[in-house]
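By letter and in written order, the chains are A, B, C, D and E; residue numbering begins at 1 in each of them.
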Amino acid sequence: MHNRKRKRSHRITRARPGAAPGTLVADPSAPKSTVQVLCYSPDQLIEQPLTDVRELPALLARWPVVWINVEGLGDADLIARLGETLHLHRLALEDVLNLHQRAKVEQYDTHLFIVAQMVAAGPPPEAEQVSLFLGQNHVVTFQEGRPGDCFEPLRQRIRGAVGRIRQAGADYLAYSLLDAVIDGYFPILEVLGERLETLEEEILARPDRRTISTVHEVKRDLVALRRVVWPLREALNTLVRDESALVTPETRVYLRDCYDHAVRIIDFVETYRELGADLTDLYLSSVSQRLNEVMKVLTVFTAVFIPLTLIAGIYGMNFNTQASPWNMPELNWVCGYPFALSLMALLAGGLLLWFRRKGWLGSGPARNDKPPDRDRPT
Amino acid sequence: MHNRKRKRSHRITRARPGAAPGTLVADPSAPKSTVQVLCYSPDQLIEQPLTDVRELPALLARWPVVWINVEGLGDADLIARLGETLHLHRLALEDVLNLHQRAKVEQYDTHLFIVAQMVAAGPPPEAEQVSLFLGQNHVVTFQEGRPGDCFEPLRQRIRGAVGRIRQAGADYLAYSLLDAVIDGYFPILEVLGERLETLEEEILARPDRRTISTVHEVKRDLVALRRVVWPLREALNTLVRDESALVTPETRVYLRDCYDHAVRIIDFVETYRELGADLTDLYLSSVSQRLNEVMKVLTVFTAVFIPLTLIAGIYGMNFNTQASPWNMPELNWVCGYPFALSLMALLAGGLLLWFRRKGWLGSGPARNDKPPDRDRPT
Amino acid sequence: MHNRKRKRSHRITRARPGAAPGTLVADPSAPKSTVQVLCYSPDQLIEQPLTDVRELPALLARWPVVWINVEGLGDADLIARLGETLHLHRLALEDVLNLHQRAKVEQYDTHLFIVAQMVAAGPPPEAEQVSLFLGQNHVVTFQEGRPGDCFEPLRQRIRGAVGRIRQAGADYLAYSLLDAVIDGYFPILEVLGERLETLEEEILARPDRRTISTVHEVKRDLVALRRVVWPLREALNTLVRDESALVTPETRVYLRDCYDHAVRIIDFVETYRELGADLTDLYLSSVSQRLNEVMKVLTVFTAVFIPLTLIAGIYGMNFNTQASPWNMPELNWVCGYPFALSLMALLAGGLLLWFRRKGWLGSGPARNDKPPDRDRPT
Amino acid sequence: MHNRKRKRSHRITRARPGAAPGTLVADPSAPKSTVQVLCYSPDQLIEQPLTDVRELPALLARWPVVWINVEGLGDADLIARLGETLHLHRLALEDVLNLHQRAKVEQYDTHLFIVAQMVAAGPPPEAEQVSLFLGQNHVVTFQEGRPGDCFEPLRQRIRGAVGRIRQAGADYLAYSLLDAVIDGYFPILEVLGERLETLEEEILARPDRRTISTVHEVKRDLVALRRVVWPLREALNTLVRDESALVTPETRVYLRDCYDHAVRIIDFVETYRELGADLTDLYLSSVSQRLNEVMKVLTVFTAVFIPLTLIAGIYGMNFNTQASPWNMPELNWVCGYPFALSLMALLAGGLLLWFRRKGWLGSGPARNDKPPDRDRPT
Amino acid sequence: MHNRKRKRSHRITRARPGAAPGTLVADPSAPKSTVQVLCYSPDQLIEQPLTDVRELPALLARWPVVWINVEGLGDADLIARLGETLHLHRLALEDVLNLHQRAKVEQYDTHLFIVAQMVAAGPPPEAEQVSLFLGQNHVVTFQEGRPGDCFEPLRQRIRGAVGRIRQAGADYLAYSLLDAVIDGYFPILEVLGERLETLEEEILARPDRRTISTVHEVKRDLVALRRVVWPLREALNTLVRDESALVTPETRVYLRDCYDHAVRIIDFVETYRELGADLTDLYLSSVSQRLNEVMKVLTVFTAVFIPLTLIAGIYGMNFNTQASPWNMPELNWVCGYPFALSLMALLAGGLLLWFRRKGWLGSGPARNDKPPDRDRPT
């Protein structure tokens, strides 16, 4: 989600501002497109790269479920030819190429068009757009083409015929793909949750400038995550409720489960966001409290020593004791020096007592430096 | 709700990311499963551990109400067998094993599936997931298996035939279980309410770093509580409104009461959350005000003593009075020393007067150390 | 609303956690119950204590409107007997005894059950629960039994046959009771509004720690008031819209007026809450600004006097002027002392000039101590 | 909106708490009522004071549109008689006399009852309640009677037969009145917008305590304005949608335009409220930043001069150089004094260098006193 | 959006307060109106200025699509004549002339009236109102007449017959115009996003007063942008859903895409607003933390040097050592001076050690001046 500046800039906009709607222009920096086809029936399975789009009609005619996976969006021509062969709408294909779409479900004549954002785990979490067309007996997916995707376990299940996937139709495949996308959010949430907990401990123990910038980063990641998940939830809700003939009632039960997961993710994101906001408050309170303690130390030191310095200064004055008996007779007293020192001690003692009664000495450094106890007595 | 880091981490995710939906995998650290059966009619009651799942059909055929309670989710096989015997849906059973679900109600062919979170009183409040299947004449409950549950008083009422429970059907039993779960929230609320009040007094009297970390803990507990109660409210609303044949209209009146309790809990949680937010503000204001007072003390001390020290310093200079009559003639004055002291006293007095008129001496330590009076005059 | 800790604690929960629903248990500290009956027709009126519940059916048969008012909830048996005689639902009666209910309207077979919270004026505002059953020709009200209620003016109107109350039925009586409850909120709002205004003036003129704790109290009272009024509004909305045969269309017009008042109260509460939040901001800003001023005074004093003290210190050094001509020749200058004093004056003047140009002397104490002018020029 | 304390207090409540609903009691401090009648047809127009209510039926029978305008609410009897003559509902008349109503539209048998709040421009903005009854061929308006109303331009248009008003019916007159009320809000918004802009400049340039109290005043005015406009929007929405026979479809198009204006006003109010909240943040940030700068100056001064003072103090000590060669031999050095001064210069230079590298000298007073440039480079 | 004060002021209000609705008054400072007509069919195209409004009916009769574009709103008469010729409603024309309208769609008898705000890229972003009438075979657009509009690429596409625009009707032209308006928002978003990122880096590295005023500017621009986009979204939603005969189902699919873009823009605006709010928090936290560090430096300097100064002061006192052996015997000690220096060194060392253990020396300047590392370790 948090990309470099230069990268993000050109991504918000359409390929070419002012271009006719439905114009397909590939991002010049996008990786080359490769197409992989996976066809299966309950008993059989082939998995092969697609070299020529014209092979597709034959495959679609033969297999009950065909999954066409396009990795890399660098080849607008290939994608346009694929779209023509499968009758995909130009506006939808434009959305495939223009990244940073919101998750959404759109009903076209022969296809359901679904956009979602996959999120990869490493901080900062990186979003990758997955566009999915669900047709009668086929699913077309488009990925940005970053190395690694979250569909590998699903491929394993298809190859190994684990669960009901080989018996079910294309709609179940689409569900499984969405489910895999959503499952990919949970590890991110775990990482963020753990970082929040670490930060909380750090703030209570010894906050510094690094802490607050990390809190800010976590909050920014949560804002980004939230921007991605909310529309996904809406899209899934549309999928569960709408009466599209492409989705069987049986698969709808599974989509409801998927929607449920999206709601749980939002729950976590919102909870973490509140915790993040609380951490900022906690940080400010903690820093204020520490400032208070610093100032108390400064004040106690200043207030105790400055009067003593004044006394020392007074007896350092050079008034001529011979000029008159009024001039600093203390200097010639037998106990003049002890008297001055006692005066200082008395004054210091009195001030310290006063500060102790104000409670400014109570929260001394020794007691405060250990972090507050986590087991709270009730 | 606030578990240890390591524990929580593995809990957010599904049992095994990428696993086929409906896969039942027990958390290896979960306690062993034990099954307890309680069957009753208006006149009779048996209560026994269930050793073999195959005994169930006979019990279900004989008794008007059968309550199967599973404690501990460590035995996925047992739960799978139980599910098959009672025709429970695999997706629902998966949710039973994957903790940290949101409270929800789901309608399946033969069962209503209800998930809720019990909360145990001790701080920090700990959530325990209760999954409940309501069938024609039976209720199946799954608990995580922590020691102690909130259903004991209900069991007592069934054994003692208190109230209408022995006359009523399985739906009333399910209601009673949910009611017990919800009743379990009130003590937590009381504890939190009392802690907030204590904190308020503490902040007004003598806030320290421990205070703000405790405020943060209470707020975090409230966020967690809120995350648990809101979906429960929604779920109960669904139960009251939906037209499931499994719930009689009479029980629906009781469920409405239950829903009412959930709404009251949310009211309290939201009110406490606002109080918590106010406490943070109060803390910040209080610390700011105290800082102001500390700084006033520092400023008054510094501003009063530094000029005096300067005077003492001036008369401590070693200019040669013999070199010229302009050189520190005061040193040889008859009243030089009293003059210098009077000058200091005058200056100090003037400055103190100035500060008093600015009001900086008014909020002295004696007046401020008593906490503000709680009985406000109007 | 703001009760003592011990009192509130036992009130949140049900009478006895785990008790069967519909169990009537009186709070042992609740005042003794007394029942007062007021029966009236357009021409006649009797008002008497009810000594035996069995007298009720005769009264109900004879009078067009009967108002049974129970003060004090200490006698669960009496209330249970009353409930049986009038066919009141057990769940509703349980809510009568368990205080701190949300305001609500519930439709039962023969009665409308309405709960509301009266608020007494003195700070802190105290809520008292009023439960009201509206039957065909009777109204039953239950009050907690604190001294004084807000129904006295209504009783006067019934006795004096003022307005249309003696002509109208039991539903108009119920409306009048609710109207009296809602009218009781306005004086509280006035008190809170005046306190907010006083606080605003205080914060702008001379904020201290008492101020912020009072702001907090007002905000807490507003949160409590809000918790009480919002459900009342909802309940009244239900009453206005629902098609209960117990409420005539004519009374519905009056209930709409009542609902309107509730909305106005909420408007005031929300506005006051915003003002309260603004006051906290204002307080923080005001304290920050004052801290700034304190620090400027400190800085100016320190920065001006410390260099002077250094000069005095330098000429107080004891270097042996006889050892070399480089050693403090100033001491033997004819104008050494005036030179030193002039140096100090010059330095002080320069620094003061610098601070004046920074604007730190501009916001002096004299100008700032008068509160900002309230008539703003535009 | 911002009235004096005493005035506002008695206004929140009903005329007399506990009074029967529909009781008409005038505020004793309200100005005397005067009634003005304006009757017009496309060709004719009369405008006269109404001396006797009994003249009304004749006027209503004769003229296609009659506008009865009551200024001043001091005469409850007159208003009651007017109400009886025109069959206005008692509850509505009670709302006419009890000020501080929310804007609303209420349907009665023969009339639409509309309440709105006019706002006068001068700060603080003052609200004046306008109550309006729309009957078959007449409009009755009640104003509080402050000098000046916003209906004068409308009267001019009626007199001059400008636009379609003389052709249209009473509903168009009611629309025109509401439109005039809403048009009156725009100048207030302009004043507030300009004040916000001035404040923004002030905060960035040189914030003082007056600034923040002005920000608070603007925010308070916006809260008050908002409380008045939101219900007006709702009321207009009701008017546009409800199917009252009193409003022709043609007028409804004009009311939609009116509703549109209300929505725009709310847009501005909400935007200004956000700007106001931002200004508080900006103020706090600005004050914090300034505090930081003040503290840097203090710290630099203190940290640079205190070590120098220590050196001067050390060489001011009176150790007996004759007692031992270890005792302050520097005092007798040939270059003792220049050595001490150089030491001081060196130390001061070193510390200044250190502070410069920390960047504490960089944000000096000269650079900071000019307000930040408004033309931002990109 | 951010105009000069004087400009904005007169713009909020209607042309002339109190004027009859539908009065067309041009802003005297508005640029002169020029009308340009572009008519096209699939094969042909003419593009010419319109000198006389009476030519229009002929053009409308001949061409399948006519686009009448009015630049500059200075000529109310011309606009009124145009309105009469094309039967545009007076209220709509009034909205054309009164700028700062909210985006909206209004259905009139023969036209759809659409208002939107174009935004130009340079900071501060400037809004320009576009009013659009969609008739059977024509579109009329009104622009404020600032140099440059966002419709040039569209004109190019019409001239070059790129895409389906020449084949489609007036509704597709209206869609293309709205699409161009919305596409114009994306560059603004990019600029704002980049500024937010720069600000974040600045705050973490070295915040000054300029930073916070820039944050405030960005937030203000976002508030303004939001005020413009939300109503546009609503308007587009109305367009997509309403069943106007003027919009074909085919164009509706394109409008849905347009609506989708508006939703994405709102997503970005809201996300940026949250980031902006976070930046203010971050700034405050950062400034607080820096203040803490400044204060630590001050405290350490003061606390370490003041006691040393006291010692120097004590041994600078002038007590007469000859008067008694108690009077400052240290002065005559052989090692008096080294003893005093050692005492100072010891004290300073002890205090530094104490501060080091408090951790106040740890966050020294060297470590803190480099901005926190952006690659966060997990």
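Points to keep in mind about this one:
Here is the rule we go by: a residue touches a chain if its C-beta (ideal position, glycine included) is under 8 Å from a C-beta of that chain, and two chains touch if they have at least 3 such contacts.
The model shown is predicted, which means the values in this text are computed figures rather than measured ones.
Separation of chain C from chain D in touch steps, taking the shortest path, is 1. Where chain B touches chain C, the two copies mostly use different residue numbers: shared numbers make up under half of all numbers in play.
Between chain B and chain E, the superposing rotation on Cα atoms measures out at 145°, rounded to the nearest 5. The geometric centre of chain A is 24 Å away from that of chain B, both derived from CA atoms.
Centre-to-centre spacing of chain A and chain C amounts to 39 Å, using the average Cα coordinate of each chain.
Taken residue by residue, chain A touches two or more other chains at 284, 288, 290-291, 295, 298, 302, 306, 309, 313, 316-318, 328, whereas all remaining positions touch fewer.
One ring covers every chain here, and the order obtained by setting off from chain C toward chain D is C, D, E, A, B.
Partner chain A is touched in their complex by these residues of chain B: 5, 8-9, 12-14, 17-23, 89, 91, 100-102, 104, 106, 122-123, 191, 195, 206-210, 212-214, 216-217, 219-220, 223-224, 227, 231, 280, 283-284, 287-288, 290-291, 294-295, 297-298, 301-302, 305-306, 308-309, 312-313, 315-318, 321, 328, 330-338, 340-341, 344, 365, 369. Residue ranges of chain A in contact with chain B, taken from their complex: 150, 152-154, 156-157, 162-165, 176, 179-180, 183-184, 186-187, 189-190, 193-194, 197, 200, 204, 253-254, 256-257, 260, 263-264, 267-268, 271, 274-275, 278, 281-282, 284-286, 288-292, 295-296, 298-299, 302-303, 306-307, 309-310, 313-314, 316-320, 323-324, 326-328, 354, 357-360, 363, 368, 372-373, 376, 378.
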